[in-house]
Structure formats: C-alpha cells, structure tokens
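In the two assemblies presented below, subunit A is common to both, partnered first by subunit B and then by subunit C.
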Partner chain A sequence: MRKYLTVFAVDWQNQFIYRLNFFLWRFRNVLRVLMTYFLWTSIFAYRTTVFGYTREQIMAYLLLVIFLYGFVGSCPSNDNVGGEVSSGALNNFLVKPIGYLRYWFTRDLSSKLLNTVFAVGEISLLWFIFRPALVFSSQPLIIFLGILMLASAVVIFYLLGKLAISIVFWAPENTWGLMFMVLVFTEILTGLIFPLDILPSHIFTALQFTPFPYLLYFPLVTFIGRLSPQLSFQYLLQSLIWLGILYSLLRKVWSAGLKNYSAYGG
Partner chain B sequence: MKVLKVTWLYFANSLQQNISGPVVFSLFFISKLVRYALFLSFLFYLGSGVKLIGGYTWEQLLFFYLVFNLIDTVVQMIFREVYHFRSLVISGGFDMVLLKPFPPLVRCLLGGPDFIDAGVLIVLTAVIAYYLIFFIHPPISSLLLFLLMLFNTLVVATAFHILVVAFGIITLSVDHLIMVYRDLTSLVRIPVDLFSEPIRSLITFVIPIGLMFTFPAKTLLGLLSWQMIIFSMFFGWVFLQFSSDRRNFVFSKSEVHPDYYPRRGSKEFFRFRQPFFIFIHIHVKLFRHVCLTNPDGYSGFPNRPGGIIIFFQFQPFTQVKFLIYFLR
Partner chain C sequence: MPVIEVHNLKKYYKVHQKEPGLAGSIKSLFSRKYYDAKAVDGVSFEIDAGELVGFIGPNGAGKTTTLKVLSGLLYPTAGHVSVLGYTPWDRKPAFQKQFSLVMGQKNQLWWDLPAMESFILNKEIYEVPKEQFQKTLDELVELLEVRDFLKVQVRKLSLGQRMKMELIAALIHSPKILFLDEPTIGLDVVMQKKMRDFIKEYNHRSNSTIILTSHYMDDVKELCERVIIIDKGKLLFDGALSEIIKKFANHKVLTVVFSEPVDEEKLKNIGQIKEFDYPKAIISVRRSATSLAAAELLQRFPVADLNIEEPQIEDIIREVFTGKDLA
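== the complex of A and B ==
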C-alpha cells in the first residue's frame, strides 16, 4: 500500500509541472458544459417545465455534471496505457514488484483529486456568473448512496477504458480505436448533455442494461434528489453488478493479453 | 507547382496508410457515424417536445447541426497533420521538416489528411442534400452564397490551424491545443444566436467559431443580412493575414528558416506585411460599420468586453487606428 501512496504523491507533484496544460484541460471541461447550458436556457425561455424537469433541476444537473465529469472522466491512464503496451514500455513494470493496473489507477486517483479541487472553483465561478437557482437532496441517506454510486462509477470507467485498450495486445497499431467508441458512447449515453430520463421509457430501460448511465446519470439524479432511497439502492446494486462483470472480464482479457504480449530491447 | 505535386503525394500516402488498416478504419468510421446519429436523435427528440428553441424550429436546428458536422469533418480531414505537430516538435522530427526544400507550414498543415473522415463526409453530404431537397428548398442564389461562406469558413479554419502551429512552437507545455479548438467549435453545434451577449459576440468575432459554423447555415436559410456576409468575407481574410503574421513572427523569432521567413524588423519583413496593414484598414472600417448599423442584433458589441479583447488582438499601430475611428 505504501508504494501506491508514494506513486500518488509523486504524480500529484508531477501535475503541477505543466500548469498551463492543466488549466487548458479544465477550460475544455467548462466549454463542454457551456453549450448544454445555453441550449437548455433557450428551451426554458418560454416555459417552466420540460420533460418533467424544472429550470432549477436542470441547472443543478448541469453544474453537477462539471463536477462529476471532472471526477469520473479524468483518466490519464486512457491516454497512456495503450502507448506503453504497444511501445514495449510495459516491460519496465512487469519486472517491478508493482501491479501495472493498480499503478495507473493510483495515478488516475491523484488526477481526479486535483480535478475535483479545480471543479469546485469553476462551479463557484459559474454560479456567480449565471446565478442559477439550485435544488439538491438534503437526505443524508440519499447523499451517502450517491457517494457510493460515484465511487462505483470511477471504477467502472477505469475498467471500461482498460478493457477497450486491451485490444492493443493483439493489434499494437490500434491503441485508440475501441477507446474512441467508448468515448463516443460516454458523451451521449452517460447523461453528459441531457438527463437520460427525458428519453422514451423503453430506451431508458434498455440503457440500464449498459454500463454508461451508471457513470454520470444515476449518481447525479441521486444527488439532486430525483430518486427515492429504494430506487437509489436498486441502481447502486445494478452499478455494482456492472462493476463485477467488467472486473472479471478485464482480469480474463488482461491475463490473456499478457500471454500474447512480447517486446524486445528497451 | 512543386508544392502542389508534393502535397498530392502526401495525400496519396495518407490514403494508402488509411486503407491499409481496415479494422481501425471501420472502428473510427462507425464511431463517428454513431456519434452524429446519437446527437441528431437527441435534437430530434427534443424537437418533438419543444417546438421552438430560441426562435428556431427543430428542423432548422437539425440543419445547423448537419452543417456544423459537414464543416467540422472537412476541416478535420484536411488539417489532421496539425494533431501530430507537438510530438513532431518535441521529438526533434521538426528539424527534418525544416531542412527540406519544402514550405514547412504546408507540410505541418496538409502533410497527413485523414481519409476516414472522407467516408463520413460522403454520408453527411448525402444527408444534407436530402434535407435541402425535401425540407428547405433554397433558391440558387442562397446556395451559391452558402458555398461562398463555406469557402470563407475554410479560410478562417486555415488561420486557426496556423495559430495552433505557431503556439506549438512558442510553448511546448501545452499538450492538446488543437483539442481546445475542437472543444471551442463544439460549442456551436447549436446556432450561435442561442448564446447570450457578450458570449455570442465573443464567439462570433473574437474567436470566430460562430462565423465559421453558424453563418453558412444561416445564409442558406436566408437569415443572414448582406452586411454580415460581406463582413464575414473580410474577417476571414484578415484573420488569415493575422495568423500568418503570428506564424512569421514565431518562425523569424526562432530563426529556423530565414529563407522563407524574413527576420522581424528587416526591410523584407515589412514588405511581406504590407498587405496585412491594408486589410486591417478595410476590416476596421467594416467592423465599425457593422457595429454601428447593428444588422443582426449584435447589440453594442464595441462597448462590451469582447470589443476590448478584439482590440488587443491587433498590433499597436492598428490599435491607434481603432481608437481614432471609435473616438470620432
């Protein structure tokens, strides 16, 4: 455990080297939400509720999206693992007493912590600029379930990313293909742009059989108090089932990939 | 002629490279189509519940999104090599580019087009043609103006990518500057008019993504005034001159290739920049006219923060000109 704490500390310091880079990454996150904010503002210009959402609930949703996406979506491992496997840099880790996937998960956590700190600042700034009225759940049990869902979402996104990248063991030139597809689905089907329950009920039900709504949508609607404790608990269980499925899948695929892996020199 | 020949070779090599990996090609191709289809479905579904969004019907909103994708895809396809520019600089590979008797800027901009986007482009063009024939029925004049505005968008996009390349040399600490441009452009997947002031003016005139992506579609729908069309043309040209100026400054400062880029302050450098001053002069006059006549509701733009930002984009000499015009 101590070695991972050291990795965490070193990575935390490392992130302060490229400050402009980090600033631009945060700027990009805010930009992603601005389009959605103005789209919904135009929609609410002449009406008070749309698809069962009030203006306040949508604004709270959008501000929380910035926060949650910064937390769940900041995953530097997705940009690096594929390259390290295809270039053979993985050799360095295989001969050391450290778990490669745990090593990158620790680095991701350090990145998430930094992103969370900045996301709080951005949300405060946006709140001061636009002054939206916000609605959040005040029940401690609901908030606790929301935090558990969020923790599960972090692990699900990590596992999903590594599973997509694992294709690199068999096709070293293809480090980004499947990951790109995962990111496309993440953009629309996680609730990043709109709350998923505005979709027809049969599509919404079908989406629950994919891991995507558990990344942002379900934790988010739990925090803004749109779910009862029973429903929140049910979605938490569904989220944990996905976590289990992806974990066992990744273990199998990764060990099969390592058997297939070969690299020379370095 | 030599430049055209070599660029053609770059295009041919890229095409061969793209089709040599059919699995990767198919994955990206399908993913991109899925992305467009999902967002289109969202807009379509939104339109079924909300008939009018910011004064636009859902059919118009869908058309704006389709035109956005058309432009975005063309630009990505042509300028894909810019995405690899930073790694070229930090690995030292850029030295090899500079050593060769070929304009490095052309190499950095057009050296590796992405033909996966060409496949997407065919599908998009077919969908837009269908949409035009069955929903919009534009007159020939609007169609011609639309094509002219598309060309103007390409000019502005070229300018944007030259700026990205220039910044890539100034600072190596930025990982994905081109991705910042991509995220900025994704703001205008919806018409720029849905944004409130001063953001609307800011993303139209200062960071001209509204001008690039919304204006062509508005022209085709007959929603853009002739003043704004003329203004856009000149803005495009001036922006290109502006970014070329930055590029020249960066290249001359880094003393990388004195044959192509005269040293700053030299007689050749001023001769090189003369057209820039002329176009800035015309641009300032037009800009003032647009601000004063306010043809498309860009309310009081010069008095807002965006006006100050655009002011600082120009050289001190031009800034003085600006002040004289506005204080008159």
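== the complex of A and C ==
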C-alpha cells in the first residue's frame, strides 16, 4: 500500500510541473460549460420547461456535471498507457514488484484530486455568475449511495479506457483508435451534455444496458435527489455489476495482451 | 551452484512482411504474410553467483531478447530458464526484488522531477528499509560522484549524469543479479571509462552477478573474464576471453618494418598482406606456419624490425561474425 501512496505523492509533484497544460485543460472545461449554457439559454428563450426540466434545474444539472466530470473523467492513464505499451516503456514496470494498472490508477486518483480542487473553484465562480438554484438530496442514505456510485463510476471509466487501450498489444500502432470511440460515447451517452432522461424512454432504457450512464448520469441524479432510495440502490447494483464484468474482462484481455507483448524496442 | 540456468532457449517472433510502397500497404490490409524471426534459437548456458559475463554479438543477434527473457519481460517459445530458482516470466515479487535491468536506451527516471524522487519511489516499490536505503544511496552517490545533481530535474542533466542516476535507481534495492543492456551507449570516452570502473568496482564490492551486453569491445575486454558470443540466435562461443583467440584465430599477425624498399609481389609469398605502406607491412599468416614465415622474411628481405602478435580480439570477432577465414 505504501508504494502506491508514494506514487500518489510523486505524481502530485509532477502535476505541478505541467502548470500551463493543466490550466489550459481546466479552461477548456469552463468553455465547455459556457457553450452548453448558451445552448440551453437559447432553448429556454421561448419556453419555461423543456422535457420536464425548468431552466434552473438544467443549470444546476450542468454545474454539477462538470464537477463530477472533473472527478470521473480526469484520467491521464488514458493518454499515456497506450504510448507506454507501444514504446516499450512498460518494461520498466514489468520488471518491478508493482502492478502497472494499479500504478496508473493511483496516478489517476492524484489527478482527480487536483482537478476536483479546481472544479470547486470554477463552480463557485460560475455559481456566483448564474446563481442557479442548486438542490441536493438531504437524505444521508441517498448521499451515501451517491458516493458509492461515484466511486464505482471512477473505476468503470478507468477499466473502459484500459480495455480500449489493450488493442495496442496486438496492433502497436493503434494507440488511439478504440480510445477515441470510448471518449465519443462518454461525451454523448453519459449525460455530460444533457440529462439522459430527455431521450425517448426506450432509448433511455436501452442505455441502462451499457456502462455509460453509470459514469455521470445516475450518480448525479442520485445526488440531486431525483431518485428514490430504492431506485438509487438498484442503479448502484447495476453499476457494480458493470464494474465486475469490466474488471474480469480487463484481467483476461490484459494477461493475454502481455503474453502477446513482445517488449518492443531493441 | 549456478544462479542462472538457460537450457535450449528459443524465442521466435511472428513478423509481418510488408511490400514496399502504397500498393503494398493496401495489400497488407487484406492479406498479411508472416514469417518466424528466430531471435534466439536454442541457446544454453549457466552462470554462477558473482560472475561478470559479457554478451556480445552484432545487432539483432538475440542478446537483448535473451536478457528480456531472463528478466521476465518475454515468454520464450521453448526451453527451460531458471534465475535464482525462479521462472522469470511468472514475475513473482520475491524474484523481482532480487534483480535489476538497465537498458541504456530506456529510462525509468521521472523526467520532470529530480532523480531523488525516483529513488524514493523505488525505495517504496522494492520495500527497502530506511537505513539500508540511506546507506546504499550514500555509497552509490559517492562512487558515481553525483551528489550535486540529486536535486536537479532529470531533464536538465547531461546524458552521462542521467545514466549514472539510472544506475543508482536500478541498484537502490541491492539486486543480486544485474542485467546491463548497452550501459555505455552514446557516452563519450571518458564517461564510458567511468562507467566501466564503476561496474567493475560494484561487482567486487557487492559480489553481485552481472550480465552485460555491449557494442564496445573495450567494455567487454576490460570487464568480463567470460564472454558469451551469439549470432543469429545461436551460441557461437562461451568461455574465457583469451580462449577466443585460441579457438578462432588460426593465424598470427607479423608486423615488419623494412630498411629498404621491397617488391610487394614477392612479399605475397609469405602470407596475406593486410596492409602495406612502406616501410611498414602487416602480414597475416597461418598459425602453424608462423616461424617459417618469420625466418623467410628475415632471410630474404631487408628487415629492420619484426613483431609477431596475436590478432586483435575485435578483428577475430568481426571475422567470426562475417564468417570469413582469416589467413
């Protein structure tokens, strides 16, 4: 355990080296919110409710979603693991008594912490500008379920990314192909741009059989108290089932990948 | 009791062949031709504790592949391998804590942080006790003279300084076995020499087993009593460096300095002329005919000076690899 704490600490220091990079990334996040904000403002120009959401509810949703996305979506492993495998830098880890996937998960957590700190700042700022009425559930049980769903979402997103990257073991030149697909799905199907329940109900139901809504949408609606405790619990279970499926899948794929890995370079 | 046992090791890669040009690229989308590249093809050897063994061979001979199998990075196609009693590719932490792999062209240090941070991380990864870490670090830093650079960002170090830091990072857990793949590559002559001195000193002090691959014969000549030569995946030679001469050199080299000009044509009767630049000539002759050739030279030519020498190890090895007869 201590080794991963040290990884966390070293990564934390490393992040401060890339200050400019980091600020630009955060800036992009704020721009994204503003863009969605203006989109929704024009939608609400001539009506008071859309798909059963009031203007305030949508704004609250959007503010919360960037906060959660900062946590779930900041995943530097997605940008680095493929390159490390195809360049052979993975060798450095395979010869050491450390788990490579755990190592990167730890680094992701470190990045998530830093991003969350900044997301809190950005949200406070935006809140002062737009003053949306933020509603949270006040039930401790619901909050607790929400936190568990969020934790599960973090792991699911990590596993999805690593699964997509695993293709690099068989096609070392394809570090980005599948990862790109995952990111596109993440933008559309997780609830990052709009609340998923505005979709036709059969599509919404079908989405529940993919891992995507468990990344942002279900944790979020749990936190804002739109779900009953029973429903929250049901979605938490479904989220954990996805976690289990993806975990065992990744284990299999990764170990097959390592067998095929020819420790490229030299 | 050997610490490394390799028996009939084979490692074949499937390699995809692409025909040149765009048409070839398109064709390869639909049907690909594969062939087996035999990187290592039936190599066997044993290495005892404390030995410092040099692995030599031309590019693509299978040196690095062998080291990668020994350190558990690659699964072999066939053969038996045991290192410290472990099967390397099981990647057991208990095994990994006892060896280290340094590749001259790959780095493990965190590029943007001072090297010290990477050392601390390795201390935790290898679970090195605090006192031992401090002691080992002090020793290595002293031996490699890098105390002043511990707090400098790795990206700002020179190649030589960085290589030294890489070594420290690799040795911080006091490995019993050290695999060094081209540790001096890209370094200038002075730095190469320092590295060599360090490796030698480290081997003496810690009694660790070291396998070293290098392109530079100087590395091997100075460090290794025993060498293993591989070429095209096969083992050509395994033994003392001096044995290479006995085994492969079927000739000797005569260096003659003449006092008066001589006819080059006549000189050809003595042996194969390697170099002729009056007044000096270098002639290669069969080992068994050496004394006869020397006598003939002295009798028939105006000789000012004559030297009979063993050929250079570099030359022998080069000729072994190119498959040429020497004399």
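A few points about this structure:
What we mean here is this: the second predicted complex is superposed on the first by the 263 of 266 C-alpha atoms of A that agree within 3 Å, B and C clash if a C-alpha of one lies under 4 Å from a C-alpha of the other, contacts with A are read in each partner's own complex, and residues count from 1 in each chain.
Here is the rule we use: contacts are C-beta pairs under 8 Å (C-beta built on N, C-alpha and C of every residue); 3 or more make two chains touch, one makes a residue touch a chain.
What you see is a predicted model, and the numbers here were worked out from it, not measured in a lab.
By the touch criterion defined above, A:R102 lies against neither subunit B nor subunit C after alignment on the C-alpha atoms of chain A. Look at A:A45: by the touch rule set out above, it reaches subunit B but stays clear of subunit C. Legend: residue contacts after superposition of the two complexes on their common chain; A:K252 is shown touching neither subunit B nor subunit C. Of the two partner chains placed by the overlay, only subunit B lies in contact with A:G177; subunit C stays clear of it.
Shared-chain residue A:M35: touches subunit B; no touch with subunit C. Once the two complexes are laid over each other on the shared chain, residue contacts for A:I193 go to subunit B alone; subunit C is not touched. Once the two complexes are overlaid on the shared chain, A:N14 sits against subunit C while remaining clear of subunit B. When subunit A is checked against subunit B and against subunit C, the one touching more of its residues turns out to be B. Shared contact residues of subunit A with subunit B and subunit C: 18.
Those residues of subunit C lying in contact with subunit A across their complex are 13, 64, 68, 71-75, 91, 93, 96-97, 99-101, 103, 105-106, 108, 110, 112-113, 117-118, 120-122, 124-127, 181. Listed in rising order, the residues of subunit A touching subunit C in the complex are 2-3, 5-7, 10, 13-14, 17-18, 88-89, 91-92, 94-98, 259, 261-263, 265-266. Only residues 21, 23-24, 27-28, 30-32, 34-35, 38-39, 42, 45-46, 49-50, 52-54, 171, 173-177, 179-180, 183-184, 186-190, 194-196, 199 of subunit B touch subunit A when the two sit together in their complex. Contacts from subunit A toward subunit B in the complex involve residues 18-21, 24-25, 27-28, 31-32, 34-35, 38-39, 41-43, 45-47, 50-51, 171, 173-174, 177-178, 180-181, 184-185, 187-189, 193-194, 198-200.
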